[in-house]
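Two complexes, one shared chain (chain A), two partners (chain B, chain C).
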Partner chain A sequence: LCPGDTSVLAGLYGPAEAKVSKELPDRAALEVLLRPKVGLPGVLERSREQLLRQTCEAVVLGALHPRTAISLVLQVLSDAGSLLSCCLNAACMALLDAGLPLAALFCGVTCALQPDGTILLDPTARQEQEARAILTFAISSSDRKVLTATTKGSCSVEEMQQCLAAAQRAASTIFQFYRDSVRRRYSK
Partner chain B sequence: RLSAGTAPQGRLLCGPGLRRSGAGLLVTKCGLLRHRPGGGGAYWVDSQQKRYVPVKGDHVIGIVTAKAGDVFRLDVGGSEPASLSYLAFEGATKRNRPNVQVGDLIYGQFVVANKDMEPEVVCIDSSGKSSGMGIIGQDGFLFKVSLGLIRKLLAPKCEIIQELSQLYPFELVLGMNGRIWVKAKTVQQTLIIVNILEACEYMTAEQRKQALAKLSGN
Partner chain C sequence: RTVEPLEYYRRFLKENCRPDGRELGEFRTTTVNIGKCLCSITTADGSALVKLGNTTVICGVKAELAAPAVDSANKGYIVPNVELPSLCAERFRSGPPGEEAQAASQFIADVIENSQMIVKEDLCIANGKLAWVLYCDIICLDYDGNLLDASVFALLAALKNVQLPLVTINEETGLSEVNLKQKNPLNIRKHPVATSFAIFDDTLLIVDPTAEEEDLATGTVTIVTDEEGRLCSVHKPGGSPLTGAKLQDCITRAITRHKEVKKLIDKVIKSITPK
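Let's look at the complex of A and B:
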């Protein structure tokens, strides 16, 4: 999935047999592995993995597959800004493609707050560095509700509300992209 | 997201991919929404998937992985191994045990398959006859395809199978878990059929006809 030059490869495996130490008796155990382009996964990857895991657990109907494990592996191919929202979008497409039962779809949108107050959607790496704050939202397809929100930097509450509104508008474009890709796949 | 229209009168049957939530229906899988007007009216979602989830009544091909006392463990491609009792074969009694070894292929159907219990497979149907189920013979080739292709092949008048049967005579066993077992007279013919079936997933009808015409010409 590539907005600009950022691309992430997502692979989903499951529902498969879970190790006894990891299995949950009433729902599927979701595991996310994020591999950076160079180097070993570090603390930043771990925190992003937990974020993705909590977002995915909110939409996947895990109660249909108790005592199983669902593994999502994300490999960063290139990073040119907005990496977290790219990972969120790739994760959602992988869940769709694998046919796992979902309650809703979600998409990731990044907003950068410039020092002069303008809002930029899907910033590049340079814009991210110059920005005052970077907010990433995961927005669900049913009612455009917010599933996850993370902020890097500081901003006021009104600015966050504005970013949220802009992100919700942008989410429609992304969901349309999902729809078109799925339609292309099924028309063959 | 795939919006269903107005609710029809009478009872509505919910197929795979749809769930009841509150007063309405929730679409849980991505795919094409299909409707069958006969009977009470049934809706289901046709989705593409490679991973199999055991469903009661499905006929599947399993590989015997272990013998544990009176029960065989079968790998059916789901999240856990299924169990098969040695008495679940036609004409099997305590004295007359079936000759099943580790690594054999079994064609059977699920008698218990829900999310909370270990799935169970049997090789006899409800009247006690085997009706084609049981141990699959020696030789032949087992391979895996997506579940959508299996459903296409199992449709009543499948063109792919008719066209292939004009090429060479062969034996074919289709498991709903995505596994296909093929046996033809020579190894080469078997491999050709395997390649065609695997490619059928992505080829259109014309490409398939072209490929078969090329092969039958040679």
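Let's look at the complex of A and C:
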């Protein structure tokens, strides 16, 4: 998945046999591994993994596959801004591609708040650095509700609401992209 | 309660209250101990102990000297580290920090960065040569839910207590001289306060969840506000989806909470200053 120059490769394995120490009796155990482009995974990757894992757990119908393990591995190929939303989108497409039962789809949108107050969607790395605040949302497809939200930098409450509204509008474009990609894959 | 915890809780939530008697929007009793006389860490430069109900978090701040990084010669460092030792709850095993501890450490680092609580330039002593490094160790002694709120509070209280000795660089020898007699408090620009909510069944939001409530919840939201009502951080790692309006309710509650916490901190600081 490559919006602009940021690309993330996602691989999904599962539902597969889980280790006894990790298996949950009533639902599938989801595991996310995020590997950065350079270096070993650190604390930042761990917190991102937790974010992705809880987002996926909210949509995957784990109760249909108890005592199994679903592993999602993400490898960052290049980072030119909006990395987290790229990972979210890659994760969702991987879930779709694997054919796992999902309650809803989700998409990641990043908004950057520039110093003069304008809202920029899908910022590049340069724009992210100059921005006053960067907000990333995961919006669910069923009712455009907020599944996940993280912010970097401080903003006022009104600005956050504006970004959220803009993100919800942008979500429709991304879901259309999902539909087109899936159609292309299965129409051959 | 042990056999069907969710049903047990639902019955209480229908009446808009919780098993421990609290309202849905009510926090547990918060107590904070700052400083060397009340708090146990005498070797640290600043320390604080926060109790949010049963959740106990202690924060120790140690200041050391180091050379600043090459690309940011006028910035010092703040290194937060959250530890969840196995003594605080049975689900944490001893060994390398688990995912929850690492995610919490990252969250605290983000809050410090986002809120500009301590500006790194303030920590610089001599451009390119010497700067302060603040190691903030946040250790949970008893885990009963709502770790993030207590950690942010403990960090804030401990930093307010830190006194840094004056350091001058001797021009001739190039060595630093630490003047332990003269101490200045840190310049804390903003006071971020975190408020955590647990989401139940996609609709109900309760404030300050205990460990039991966290396990049963379908999602959590943490909002960090500062005194101007600006949002320093909205942290909602997955979980049930929320509408924008519900998020707005959380934010309003967080702003009210900020005022309560600020009053508490000011009261405690006033009571320990020897003047």
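Annotations for the structure displayed:
Simple rule for what comes next: the second predicted complex is superposed on the first by the 188 of 188 C-alpha atoms of A that agree within 3 Å, B and C clash if a C-alpha of one lies under 4 Å from a C-alpha of the other, contacts with A are read in each partner's own complex, and residues count from 1 in each chain.
FYI, a residue touches a chain if its C-beta (ideal position, glycine included) is under 8 Å from a C-beta of that chain, and two chains touch if they have at least 3 such contacts.
In this text, all values refer to a predicted model and were calculated from it rather than measured experimentally.
When the shared chain is aligned, no partner comes close enough to touch A:Thr110: not chain B, not chain C. Looking at the shared chain after the overlay, A:Ser7 reaches neither chain B nor chain C. In the overlay built on the shared chain, the residue A:Leu44 is in contact with chain C alone; chain B does not reach it. Comparing chain B with chain C, the partner in contact with more residues of chain A is C. In the superposed model, A:Gly99 makes contact with chain B only, not with chain C. Of the two partner chains placed by superposition, only chain C is touched by A:Thr151; chain B is not.
In the superposition on chain A, A:Gln161 makes contact with chain C only, while chain B stays out of contact range. By the touch criterion defined above, A:Ser85 reaches neither chain B nor chain C. With the contact threshold set out at the top, not one residue of chain A is in contact with chain B in one structure and with chain C in the other. Put simply, chain B touches chain A in their complex at residues 1, 19, 26, 28-32, 47-51, 53, 79-80, 115-116, 202, 204.
Residue ranges of chain C in contact with chain A, taken from their complex: 99-100, 102-103, 105-107, 109-110, 113-116, 218-219, 221, 226, 229-244, 247-248, 251. Those residues of chain A lying in contact with chain B across their complex are 14-18, 61, 64-69, 96-103, 105, 141, 175, 179, 182, 185-186, 188.
Every residue of chain A that touches chain C in the complex is listed here, in rising order: 43-44, 46-47, 49-58, 104, 133, 135, 138, 140, 142-143, 145-157, 160-161, 164-165, 168.
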